[in-house]
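In what follows, a single structure is set out as structure tokens and then discussed.
For clarity, chains are labelled A, B, C, D and E in written order, and residue numbers in each chain start from 1.
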Amino acid sequence: EPITLFAAASLTGVVNEATNLFEKETGIKVRLVFASSSTLARQIEAGASADLYFSANIKWMDYLVKAALIKPETLIKTLSNTLVLISPKYLSLDSLATIDTQTLNDILGDSGLLSMGDPDHVPVGIYGKKALKQRGLWEPLHRRIARADNALAALTLVSRGETPLGIVYQTDAIHQPNVDILFGFEPEETQIEYALALTQQTSSDDAKKLLNFLSSARGLALFEKYGFTILKDYQRSQPN
Amino acid sequence: MSLSVKIKHNIESFDLDINFESSKHGLTALFGPSGSGKSLTINIIAGLITPKTGTIILNGQILFSSEKSINIATHKRRIGYVFQDFRLFPHLSVKKNLLFGAKRARISPTDDETNSLIKLLDIEHLLDRYPKHLSGGEKQRIAIGRALLSEPQLLLLDEPFAALDHHRKEDILKLIETIRVKFQIPILLISHSISDVLRLSNQVHLLSSGRIVPADIQTNLVSLPDSANGTLKTLSRINGVIEEIDVKNQLIRIGFNEGRLWKNLITRYSVGENVVVKIDPDDVILSLHQLSHLTTLNQLKAKITKVSFVPINHVYISLLVGCTTIHCRVGSDLYMSLGLCVGDEVYTIVTRFSIDRVVI
Amino acid sequence: MSLSVKIKHNIESFDLDINFESSKHGLTALFGPSGSGKSLTINIIAGLITPKTGTIILNGQILFSSEKSINIATHKRRIGYVFQDFRLFPHLSVKKNLLFGAKRARISPTDDETNSLIKLLDIEHLLDRYPKHLSGGEKQRIAIGRALLSEPQLLLLDEPFAALDHHRKEDILKLIETIRVKFQIPILLISHSISDVLRLSNQVHLLSSGRIVPADIQTNLVSLPDSANGTLKTLSRINGVIEEIDVKNQLIRIGFNEGRLWKNLITRYSVGENVVVKIDPDDVILSLHQLSHLTTLNQLKAKITKVSFVPINHVYISLLVGCTTIHCRVGSDLYMSLGLCVGDEVYTIVTRFSIDRVVI
Amino acid sequence: MIDWITPIETEALLISFKVSFTAVLISLPLAIATAFVLSKPDFFGKALLDGLVHLPLILPPVVMGYLLLISLGTRAPLGQWLQESFGIRFIFSWTGAALAAGIVTFPFQVRAIRLSIEAIDPGLINAAKTLGAGPFDRFTSIIMPLALPGIIAGAITAFAASLGEFGAIITFVSNIPGETRTLPLAIYSAIQTPGGENAAGRLVVLSILLAFSGLVLSDIANRHIKKRMNQ
Amino acid sequence: MIDWITPIETEALLISFKVSFTAVLISLPLAIATAFVLSKPDFFGKALLDGLVHLPLILPPVVMGYLLLISLGTRAPLGQWLQESFGIRFIFSWTGAALAAGIVTFPFQVRAIRLSIEAIDPGLINAAKTLGAGPFDRFTSIIMPLALPGIIAGAITAFAASLGEFGAIITFVSNIPGETRTLPLAIYSAIQTPGGENAAGRLVVLSILLAFSGLVLSDIANRHIKKRMNQ
């Protein structure tokens, strides 16, 4: 009986590699189901037989915890990600020490847009909005945003040169050769937290083994390789 | 078996008010100008259109009655309908078209019956074809075959010969007579050809603007519109017996109460058989004296019983041969100059080829 | 204006090999059994089917030539085609159907012409209707009107009277004669009705299995298949002049070289006009003596020139009145018993109503 | 063909085929019946039924998927009842994917079939009546065969659209490899992987090939019918 | 009606209508032409054209959006040329949404229209020929009017499907409030937000109302045609 891991689509690459390793070492079969965190959460709510849920967004994890579909004691917040401001390579822009309305407006010009995930519902967009707000940039810029369906779609818009600016995950940006990273936001600004937990319904030891593997040092090294940040003081946190 | 129809209907500006009975295994013709409501009438009889009010009774079974709220569905009426526009099923082969009704009949025709009909209709070579690329007459023959094979209790024929050449029409005319006699079902025929109508029908109803107009339709008398001037033309109708068949000379002798007629042999008659023959009044010549040395044997001594002038200067002369009435049309000028009178005895002359050969 | 057709074509098992010329403003009839290739032939002439080989020339213009690789598109052939199955446009009102061709003609008909045609076809009351719910005959009249209004250079009529009652047919027959004379265009007619064919046509081609079979078609002679026995029936064809019109007695007198005939008045003839009348051999009675006191004036003294026995014991007798040939069919028994011989002088008798009233 | 694609991709191809084929197979009879009903002259509730049939088109596929999820999930009453009474579980199984695809492509089928049925000459139906064919008989012997062009067109359109269906499937039955991961879902996963563009491109080509083979088949069927009727 | 929906939702409704209407309006003539060409007997490349027409159905909408992006983006040669020569810019504008919707719904239109054209009695076309109507004349005076049921069906199906189109639009023109945010995008946003079900439900009802009004309109048009022909 393979174990089933529901993982956010933005984790596709790294989780694939990590579970491959896990399978090889333990012989335990893992079935990977990728979709957006929200879709997965709703599916678990509808009775999907997932053993683990790996969300890119703490809100959907909380949603399931409240619905008593998650074993809260197994919840771990290991990973973080940072947001970066990118621009297409062909513009050959220099990296910025800091960002303000003036600089961004200059880059955007008359008609350019800043692409990012939809700040209403796509996690990367929600984080991006939060970061821009804190810097007082949301108000002047919010009318010039191209809201993409997911993190990769935002990245695509920049890499194709359709928007001169974009805010995406660092993990995505470093794999995309056609973009330059202009500026990196501080992790504190965004507080991007991935959350991994066993579902309430699972009774599988194998699932626990996978959870442990993914949060082990070797697992975390892989995530680092993909550009994720490891939260130094990660802990098995209690739901709020 | 009989059919009784009494219906009122109207569509938009057209009013239909039809009332007739068709006798036991009779062939009734509906005759009338284009747009007079003939197709509409038989569509109503078939149950394809529901009339506003009325009753339709077939062999005692009420097919439709507005009063009793009866309306038997078309597919239960057991009707054989040959449509004016054929309506073959394009997705079925000719053979499957033919057998469509047969398969659904209570008593399916036997293979022999089917095959002999196919042969008679001369469509053996078409059986595996599809209707789309058949000629007009080929389609019509298949439509006729399809209706006949469904073993109907009532046959509705809407211009079934329009696309047929003479020879094939002859064959089918004979077939229809056979069916009428054999299955004793009423037949309703719509045709524009008076000769077909007269040849086949026991009864003719003249339709005009949705109504049956009175026409002189006695057993011995058929009145039909005359091409020349719009008046009615009165045909002689003679009930006789075949007394002799002279195959050598292709001749038959028909005897009737007081006389005999010679006619050329067309169909396979048998001696002793009862026949009704018709004579067009335009084919009759009257002579005041008995004649000899003529190329016809048909001279009947007759007494003038009635002379009627028709508007446009023709005279219809009715004569009695025994108790059989014969009609003759004569120009009024000639009638005058010969000084004919009711009561006069004259000789009626027709050729053997004119008998049963009625035209307008 | 003339039409010359020489085509070979085959579809599946059917072979067509047709070759005829239609004289200057003549009406040519294609006559033949169902499935003999009549519709196919005029479809090819219309350009709707491309034949394998051949040439079609209309008024000197090559419409099709396989040798010269010419194939004028149908819409450039300026053809008026009345289809066997009407083919009215269901999305257009009757009026728009009628004017469809007129609008696209080089010289559109005037309003007057259009209106008088509509009147003649008796379709004024249908102009705003749509074709779907018209009666068969109504559709056919509109199809005829549509073709005539397109001011064609060649008229193709495929069974154009099949759904028409006699009166309306008469009117349209007259109209077609008028058009032929007025516009001097060749007309090709397909019809199963021999009377229509004989009434209208200068030329008759008998088709059988895709080929024109020889038939005796001289100016004075028309041979047609006889219903009774499948042989050819020979009609008399008399060229004459109208000498007198007696409106009171509804009579016209037709003079020809050595004789005169009285005929009932049907159409509006005028004195001095040339006419061709036809007499069915079955309507002619021969008498060895001149007769009097008969209800017909038509007695012509004639000399027997030829006697031909036909297979089934009938005799065709050809007689000369002056230089006009008259044909008469007689039973061989009577022929024998009267002892008729070539060279004998006899009297031919017909009624006035029989003239130009040809049937099979 | 199997050479240049990975076993996982072959699997997606097979699932896609299975899902699309089943979707069409199951929904076609219902679509024919619905089209027949809608081709009747006015009846009470016709507009409503017509609207209902179009619903899956109007709603974004994700919404359709969501509606299916909340109505047929194992925790939803209807889903529970189906599971308990018949052991039928749509959610997270390929049959659910077929169901979603069938529902989303249902309107195309109905439209095409209805068009064909409405184009049938009523005279032929009447002729069948006079020959003794009752309503059901007429439906199977006249209406269905004459509507065949529409049925084929509807089926092939639905098959093609099922192959491309993504939103309703991923939302309803998720993206489970070997079970519900159809070609579009595999394409989605490939795109989400850094450097997955090649794999995505290959899968797109596979989709196209699969659809084309469906098209060619339908074309052959169509030709066959037409040729027969032209004989 | 405006009372219980927010101005943002009204905006989405209007954009949806504008996008769907434009999509149908622009693609319909092309669909008619394509259907006409495809209804011709075999010609070289027919199967290819047929396949091409179906492509937007087969491919997941997101892939269609991506293909549009890389071919019509301002940095793609074609997109650049359009922008420089005609000042036409599809990306990030509602016209791009209409284009995407038009392309994705193109196959339905072609199918429906083609079905209607193929059902036309060739005898009528021949009759028009004999009456002097050339090819273009026949197309406008006979074929188009007789294919009207298919044209209407195709248009209404495409309109409904455009209202539901999501993947291609968001990928190609992204989701810009007031410009490209159509109803499905708004619905999607709502669903993806925990607790957004109510808002989503309201928007779904709006979609349905919009589509129903389209259906009712098309039904009236259809009735009108039929009634006329039945006179």
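Keep in mind that, in the parts below, a residue touches a chain if its C-beta (ideal position, glycine included) is under 8 Å from a C-beta of that chain, and two chains touch if they have at least 3 such contacts.
None of these values were measured; they are calculated from a predicted model.
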For chain E, the least number of touch steps when starting out from chain B: 2
Those chains which touch chain E and also touch chain C: none
Superposition of chain B upon chain C: rotation angle, C-alpha, nearest 5 degrees: 180
Highest-count interface - the chain pair sharing the most C-beta contacts: B-C
Most widely separated chain from chain D, with each centre as the mean of CA atoms: C
Geometric centre distance via CA averages, chain D-chain B, whole Å: 57
Distance between chain centroids, defined by C-alpha means - chain A, chain E (Å): 36
Separation of chain A from chain B, taking each centre as the mean of its C-alpha atoms, in whole Å: 91
Length of the line joining the C-alpha centres of chain C and chain D, rounded to whole Å: 60
Residues within chain E bordering two or more other chains: 62, 167, 188, 191
Two or more partner chains touched - positions in chain C: 85, 133
Multi-partner residues of chain A (each touching 2 or more other chains): none
Chains touching one another, given as label pairs in label order: A-D, A-E, B-C, B-D, C-E, D-E
Residue ranges of chain D in contact with chain A within the complex: 66, 69-70, 73-76, 79, 91-92, 170-171, 174-178, 188-189, 191-196
Partner chain E, residues of chain C touching it in the complex: 46-48, 73-81, 83, 85, 87, 89-91, 93, 100-101, 104-105, 128-130, 132-133, 146-147, 150, 156
Touch list for chain E against partner chain D, complex: 47, 50-51, 54-63, 107-108, 111-112, 114-116, 118-119, 149-150, 153, 157, 160-161, 163-167, 184, 187-188, 191, 200, 204, 207-208, 210-212, 215-216, 219
Complex contact set, residues of chain A against chain D: 4, 6, 9-10, 12-13, 16, 31-35, 39-40, 42-43, 45-49, 152, 172, 175-176
Chain B-touching residues of chain D, taken from the complex the two chains share: 121, 123-124, 126-134, 137-138, 141-142, 145-146, 148, 225, 228-231
